[in-house]
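Look at the two complexes coming up: chain A is in both, with chain B in one and chain C in the other.
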Partner chain A sequence: MKDVLKSFIFAELIYHEDPATFGDEDNLLDAGLDSMGIMRLIMFAEKEFGVTLPDTEIEPDNVGSLKSLESWIRRSGYTG
Partner chain B sequence: MTDSKEQLFNPGDYFTYVLDQEIRNAGMPGGYCGFALQLAETPDLSGLQKRLNLLVERFPQASANIEPRGKRFAWVATGNPILLELHQCQPDANEADETQRLLLDIFNRQESRPLTVHWIAGADGGTVLLIWLHPLLDARGCKILLDFLSTERPESFKDSPSLIEAKLAQWSFWKKLQLFFKAKRHNTAANSLDSCLPTQVEQGPQHLQLKVQRFDAEQSQRIAKLAQQYTGLTGRTLYYLGCFMRAMELVGPPAAKDGYCIPYAFNLRRQNAPTPVFGNHIGCLFARATRQQVRDRTGLFAHLLSEHKQVVRDELDLAYLPLMWLGQWLSPDKYAKVLRKQHSGGELSSLWFSDIGELSWGKTGFLGVPVTDLSLMCWMTLPPGLALLACQHNGKLVLSYSYLSPAIDEAWLEAVMARMNVELLETAES
Partner chain C sequence: MLLTPFLHQCQQQPDSLALQEQDRRVSYRQLLQRAQTIAAALQAKGIQPGQPVAIHIDRGIDAASALFGVLLAGACYVPLDLKNPIARLSFIIADAQVCVVIGSGSAPHWLDSDLWLDIASCNEATPATVEIPAESLAAILYTSGSTGQPRGVAISHRTIAAFTTWASDLLDLTPADRIASSAPLFFDLSTFDLYSVLGAGASLHFIPAGLTMAPARLSAWLSEQAISGWYTVPSLLAFLTYKGNLAQTPLASLRFLIFAGEVFPTPALIDLAASLPQTALYNFFGPTETNVCCYWPVERDRLIAEQTIPIGQPAAGCELQIDAESGELWVHGPTLASGYWRDGRVQSFMNADGWYATGDRASIEQNEYRFHGRLGRMLKSSGYRVEPAEIEAIVNAIPGVKACAVIGIDDPTAGQRPALAMVLEPEMTIGEIRKVLSRQLPAYMQPSRYLVLDELPRLANEKLDFQQLKNLFETQL
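On to the complex of A and B.
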């Protein structure tokens, strides 16, 4: 799942010279993920993984890194 | 353009060209925008000129004319150099006032070139002013352009095809059609709420003026915290917009109608990407609220956030792209009516707004010199005759208000700015 998220993030939302070096726990917000990017990322994740990510849970602890994002998606009902 | 002398407008370029024409038709210089960077010392000006020469060599449309191509328009390179224009503050005048006077003198002059660069020399440092015509590039592109002028690695900056057209190419015909009708319905809804305006004046000679509201680091952190509290991680822009709506409502809108509508752009560029440099890669969204909604502070932010989320969930952010694509085949005056007019015939936009985000040059500064301050400006249509450009500089919020005088009453704007202060910081009176 992290690879799919990572591909989308670096193809559409954030530029990184070498995405392969971006770690699962590196900070996406510091890397440049902005408010519109977060919304687009959430919409992508909901569609791709068939879950609903509650608005009330959109916070740095859940979207701050690939690892936290994956964990949030799994907690929200993804079983794949 | 790098391998051709001609570049057709992309849908975003034409969108901004139409507004440029509206501004020119009203007797003003056109859809020009400006970034003014105050530098602590005089940079290497001959180095800057060399970099401008490299810019024209690498990106010929930086020095180009707009020419019609059938029903569409194109940038056609002239090959003319962009010469750094030098200005000097009078030594006996207050330097800040004198710099502002020169900035506005330059910005108010009639111009046909798409990009000009100026150095306004002060006693020690001075101000770099970059003025560009919006169809040439968007504000995010201007930051990239400034980075190109300053970087030690100019070879990493490349042009690339229009991101709007790349996005459109990903969709089937039916998907485009579906999105087009979504956008049209969205527009129809936006056009049904008559917008309050900051002036009743619709014509007459105007002069562009500028007022800048600066917040220190502590205030800026407080505003960021409040923005997150009210509009969440996804909506700092909405916080600024909501605060402005309330400030205007509480001071009293000079043209009072049903509610507020403030279009705002979102950028398709990836954050921090050095490419594309030129072109407009933007979509358009609307923040709307009735006057009644605006009077309830907490309810307003909840409304704006809910509306924004629904827009993204419904893909309305992307839906505007097919509409812009079809708009390319409308004449500028017909397209302008679609963009500006409500069902009642009134003006749609209560304000022109853009949140440009972080504009910082790190430890190395611009051309190796620390950027101590900045201000932004842009021309806009009349009405509304008022534009608010927001950015962060080294973590400090800067709000630049461009306004047309005499259309916008200066005392009214000062009252709105004072109220904006209260709303943003949520001091006791808000």
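On to the complex of A and C.
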């Protein structure tokens, strides 16, 4: 899942970082992921992984890194 | 004179709440005392009226106190974007010729420590009173410059006051108001927060930083704090509309919302208006050079999803004109900045009659102005101004680059993003270029696409063919 998220983020939302060197725990918000980007990312993840990511759980702690995104999506019911 | 309404409130209601940041609450009396202490420390450091002082503190109580302190000393403030790379911050500090950098704690390693003033080290003191002429500079706000470097827009006390008193009257601000603040000090939106709000005796509540990324907690905070007004950017309001759980969080106290800095997509604005039926909405418009020159109180029944909204009527006593041939919007009036800050003095950007050519394309229909994008090369990326020339200047300085050109390409997240086309020596790589740019430019200025060409496309007259460049980027996608 992380690879799917990663390729979406670095193709569509953050362009100037090199995905090859961007770590799973590196901060996406510091890298330029903003509110508009988070909205598109959530739309993408809900469709791609068939989960509902509740509005009340949109938090820097859940969207701040690839690792936290992955665990948020898994907690929301993705079992793939 | 910009501070006159604020100082009046300090006398009228010294114990009323002025600023709140998390659990910290500061009354008018305390804010004034803090500002006076900082003003006295600046004077002790030899600051003269009119001299620029940089603010190296993120938005909040400390930054606001520092800023009022600078103004009480008769000096002018230069707010820094702490997210900028060191190279850019150093440039701005040198270009502005700042005499002091106000910060908190110890000086950053890259800064001459003689310039540093730690606010924690200032002891309570009363500054000498300074006469401040209305035309003296209050602030220098740096934006991306078409000259190839960051450029400071120099704004006088009179100019800021022209906007802030107009806005205060328009919104009918009173001491009962509780206004939210999210604008960084280097954006002109912050002038409303500081001078309109505190000049009216209302209280200003800094939105905790993490909340702008946690929309449901943000709406809960707006509700709990009984916020009555907020001046912010469309992207944040759209985030709140779609992810802010507004259906479960009635914002009963919210009288008004103002937005500026980007075009608000009409479908999102329609949804926002439906979520907040009691809240008056305002579209403010104007480049940093004019602060706000045009505004539209949103008329809900006129919102049509397929149509962009108008920018409305002239604001704050400004006069507007549209050049018949080019469609360019020209502005004349009291909110125009004094000029650009160059070599330690103000260089006017107006023509002989005091008019400023905005570079924006506009039209007028039934006495209502509409915005149709930029005429020049400047682009707007996530609400930030980006001048292609500034990126090109850095790329051209890299050995191994033969030529380059930056254009804006449309982007669903940021509105527009810069894209960089280059002609390179054989040994140079895109990876090297990226590395240099990441050290020199903030995230919003980083190119989203790179293209290496054998030569840049040119028109018959040898000028760059920007349309052809755009086509090349589009076929690359």
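To be clear about the criterion, the second predicted complex is superposed on the first by the 79 of 80 C-alpha atoms of A that agree within 3 Å, B and C clash if a C-alpha of one lies under 4 Å from a C-alpha of the other, contacts with A are read in each partner's own complex, and residues count from 1 in each chain.
Convention: a residue touches a chain if its C-beta (ideal position, glycine included) is under 8 Å from a C-beta of that chain, and two chains touch if they have at least 3 such contacts.
Because the structure is a prediction, the values reported are computed rather than measured.
Should A:P60 be classified as contacting the first partner (chain B), the second (chain C), both, or neither?
both
Thinking of the overlay built on chain A, is A:D18 touched by chain B (first), by chain C (second), by both, or by neither?
second
Scan A:M1 for contacts with chain B and chain C and give back first, second, both or neither.
neither
Quick check on my understanding: which residues of chain A belong to both its chain B contact set and its chain C contact set?
Of chain A, residues 12-13, 15-16, 31-32, 34-40, 55, 58-60, 63 contact chain B in one complex and chain C in the other.
In the complex formed with chain C, which residues of chain A make contact?
Listed in rising order, the residues of chain A that touch chain C are 12-13, 15-16, 18, 29, 31-32, 34-40, 42, 55-60, 63.
If you look only at chain A, which of its residues touch chain B in the complex?
Counting only chain A, the residues touching chain B are 10, 12-16, 31-40, 43, 55, 58-60, 63.
Sort out for me which residues of chain C touch chain A in the complex.
Within the complex, chain C contacts chain A at residues 210, 212-217, 235-236, 238-239, 242-245, 382, 412-414, 417, 431, 434, 437-438, 443-444, 446-449.
Considering the complex alone, what residue numbers of chain B touch chain A?
It comes out as residues 232-237, 266-267, 270-274, 308-309, 312-313, 315, 317, 357.
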